[in-house]
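Structures follow.
Each of the next two complexes has chain A plus one other chain: chain B in the first, chain C in the second.
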Partner chain A sequence: MKIISHSYLNRFGAFVNGDLILSGQEDNFLKQYFVQLEIDYPKFYKMDSLSKSAFLGDFLLKNTLQNMVNIDEKLQLIFANSTSSQQTDLKFIESYTFKKNPSPSLFVYTLPNILAGEIAIKHKWYGENIFFILTKFDSKFFIDQIEMSFLRGNEYCMCGWIEMNGLEEEECFMFVVSKTVHWVENQEASNELNQILNNYRNNGIKRTIKSSNN
Partner chain B sequence: MELKEQLKAQIIEQLNLEDLTTADIKNDAPLFGDEGLGLDSIDALEFIVLLDSEYSIKIDDPSLAREIFYSIDSMADFIESNK
Partner chain C sequence: MGKQAKLEGSLKCYLKYGALISPLGQNVQDHYTAFCDNKSGINQELGTGFNSEDLFLSKIKHLKNSRYNSLLELACKKIVEAYSSSFLQSEKTGIIVSTTKANLEVLPSDTFASTISIIKNILNPYHEPIIISNACISGVIAINTAADYIRSSKFDQVIIIGIDVLSDFIVYGFQSLFALSNEACRPFDKNRKGITLGEACGILIMKNTLDDDFSVEYLAGATSNDANHISGPSRSGEGLFRAVTKAIERSGVSKKEIDFISSHGTATLYNDEMESVALHRLELNHIPTNSFKGYFGHTLGAAGIIETIMCMVSMEKSVLFKSIGFSEVGTTETLNIVSENSNVDLEIVLKTASGFGGGNAALLLKQVK
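== the complex of A and B ==
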């Protein structure tokens, strides 16, 4: 397997393959990126922050996706986070507890795997998808899942660690793994994943802050 | 507040369209489908609840919903004529 592309976004910036694409300047950074990327997709405004960030993370990978074949049926979506859809869950509880009006449009986002559905609908992908709740990002877990996916016949995996919980640690890390190009052993791929995410979390943020100051 | 502006504010609140302002919603633009706001059948359900709770108007004939909910203009016309 080979990690062929990755994107990362948080309140400080949006990155593709390690390069800063957009600097975050507003509290509402997801809308800011959506506007700056000039994406025409009205449904974005209806999504919860989990789906919005995954939608943007996917959009940032568009150049990679354009060059992939058999993607509509041979790509699996594998996502995870540690807080599930907690933010929307709390809003939904508020809608029926205090406002006495349970909101159907909130209810549909009270499952984290809805974000996979939003991506699949956008691209008209028909492959497998799954969402895990983990205590923290676990590169080995992802690599094991990807290996099993490839053994089942899939050719690509789009994966993501997407944490949108209203706290400072919000981030959306997405990466695409190919089965066929330049085989890399599992341990090496796992180490590479950790290195990529750590670079985004540490150097990426510092670089963004530095460039904002200049 | 004018009815149409009030409707826009209520739609934003009801559908949790937190990133939108009333200025983003045009009076004559379609609310459903890929154009306009890109709303779907779940949102139509929210509109039915909104008309009932905010304006005490019930839609007796569901087949009229598509026409009533086409735009802010059509929703406002329906509310005005059913007050």
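== the complex of A and C ==
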């Protein structure tokens, strides 16, 4: 397997393969990136933050996806986070406790795997999907899942660790792994994945210090 | 290709009963008895709706607060009674949990924390439990994932737990979508009016070896996305068609060998219609098919596990259970819905599930001779 591309976004910036593409300037940074990337997809505005960030993370990877064969059937989506759809869960509870009107448009986003559905719809991808709840990002766990997905016959995996809970640790880390390109051993791939995410997180922290000094 | 051949060929996976708790009983035997009498766990529960409507639910009586935690504790204790600590604590034993919402009562705290802590306290496993939350197909995916772990030699045995409980959150949510029936659900029937929600916990044990207990062989499974809508099924049944096709390919059996289909059958107009279209496209519409939702209601993350357990009961006892609530064909494509309990030997069984997010999943089981 080989990690062929990755993206990262949080309130401080949007990155592709380690490069800063956009700086986060607004509180509503997901909307800001969507507008600046000039994406034409009105359904974006209906999504919750989890789905919005996954949608953007996927969009940032679009150049990689162009060269893949049978991607609509042979790409598996593997996602995980620790807080599920908790932010939307709380909004839905608010809709029936305070507003006395349970909101169906919020309720449909109270499942974390909806973000995989949004990506599948965007691309017309019919491949396999799975969503895990993990206490923290675990590179070895992802690599194990990818290995097992390839053993089942899939050729590519798009994976993501997405935490969009309104708290400080908000981040959307996504990466694409190919079965066939330059075989890298699992341990090596796992180490590489940790390094990629740590670099992104450190960039984020540096930007935090910079912006708090201003 | 070499690796895939190894995966499909070398390590076999066997499923056996772990635990089953629902309004119909505290173990698998209770459920067999209830199903023989076509007894349903669904009852009218007064004032449970958002505007205090009287709803039909499949609700476990006498469950202590917090309901989720006490149900999970009860089920885990049954596993401790049945299995040695060396089995439970082995480095080669994994635990996979299927749940959509876990313990919602603790929001805004971590709703999944008690799942981990209860399992750790009671089962004392070597590895951290793996939680899958993928809407209504979570249970079938959990079984498929357990097989992945066994076939890649990461584990020799996996304890697969499916659990969800009723809550205002879930009830009001499905009410807001106008998806709930005002009577006990009637899957595939002409007069079906929607879902009846339920709660349950089911546990399966998957192993790479056979022992003396009744077991079935797990052949293969697959998932596929509809790529169509996040909360409505595809009209063409595309995802279900592809998931079943892929599962059959991976299993190495032919379509003609399938003896029984345990469908998702939620009893919404659109879901059951979609399933009829998909099964027709698969040329499986003549195979005896039922939905267990008339017995359990829709138990979300537990559904795939508890319905697979009842597939195993059907295989063990050579009995097809009537699809409760069905009397008249109500889908574009006519399915062969089981209308009376009947005695039939079952060799190969197909279990399917479909859910929000456009997910579809399938798995195939085989009788062990």
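Structure notes:
Assume the second predicted complex is superposed on the first by the 203 of 214 C-alpha atoms of A that agree within 3 Å, B and C clash if a C-alpha of one lies under 4 Å from a C-alpha of the other, contacts with A are read in each partner's own complex, and residues count from 1 in each chain.
The rule we apply is simple: a contact is a pair of C-beta atoms (placed from the backbone, for glycine too) under 8 Å apart; a residue touches a chain by one contact, two chains touch by 3 or more.
Model, not experiment: these values are computed from the prediction.
Superposition of the two complexes onto chain A shows chain B and chain C fitting side by side, with no clash. Once chain A of one complex is fitted onto chain A of the other, the partner contacts of A:P104 extend to both chain B and chain C.
Of the two partner chains placed around the shared chain by superposition, neither chain B nor chain C is touched by A:E170. After the chain A superposition, the centres of chain B and chain C are separated by 80° when viewed from the C-alpha centre of chain A, nearest 10.
In the superposed model, A:E155 makes contact with neither chain B nor chain C. Comparing chain B with chain C, more residues of chain A are touched by C.
Of the two partner chains, chain B is the only one that A:Y41 touches; chain C does not reach it.
By the touch criterion stated above, A:D58 is placed in contact with neither chain B nor chain C.
Distance between chain B and chain C in the overlay is 7 Å (nearest C-alpha pair, rounded to whole angstrom).
Put simply, chain A uses residues 103-104, 108 to touch chain B in one complex and chain C in the other. On chain C, the positions that touch chain A within their shared complex are 3-4, 7, 50, 100-101, 104, 107-108, 110-112, 116, 128, 130-135, 141, 145, 148-149, 151-152, 154, 168-169, 172-177, 222-231, 238-239, 242, 246, 250, 356-359.
On the side of chain B, the complex with chain A involves touching residues 14-17, 19-20, 34-39, 42-43, 45-46, 49, 53. If you check the complex, the residues on chain A that touch chain C are 72-73, 77, 82-84, 86, 89-90, 92-93, 96, 102-104, 107-108, 110-114, 116-118, 120-121, 123-135, 141, 144, 147-148, 150-153. Interface residues of chain A facing chain B in the complex, by the touch rule stated above, are 28, 30-31, 34, 41-46, 91, 101, 103-106, 108.
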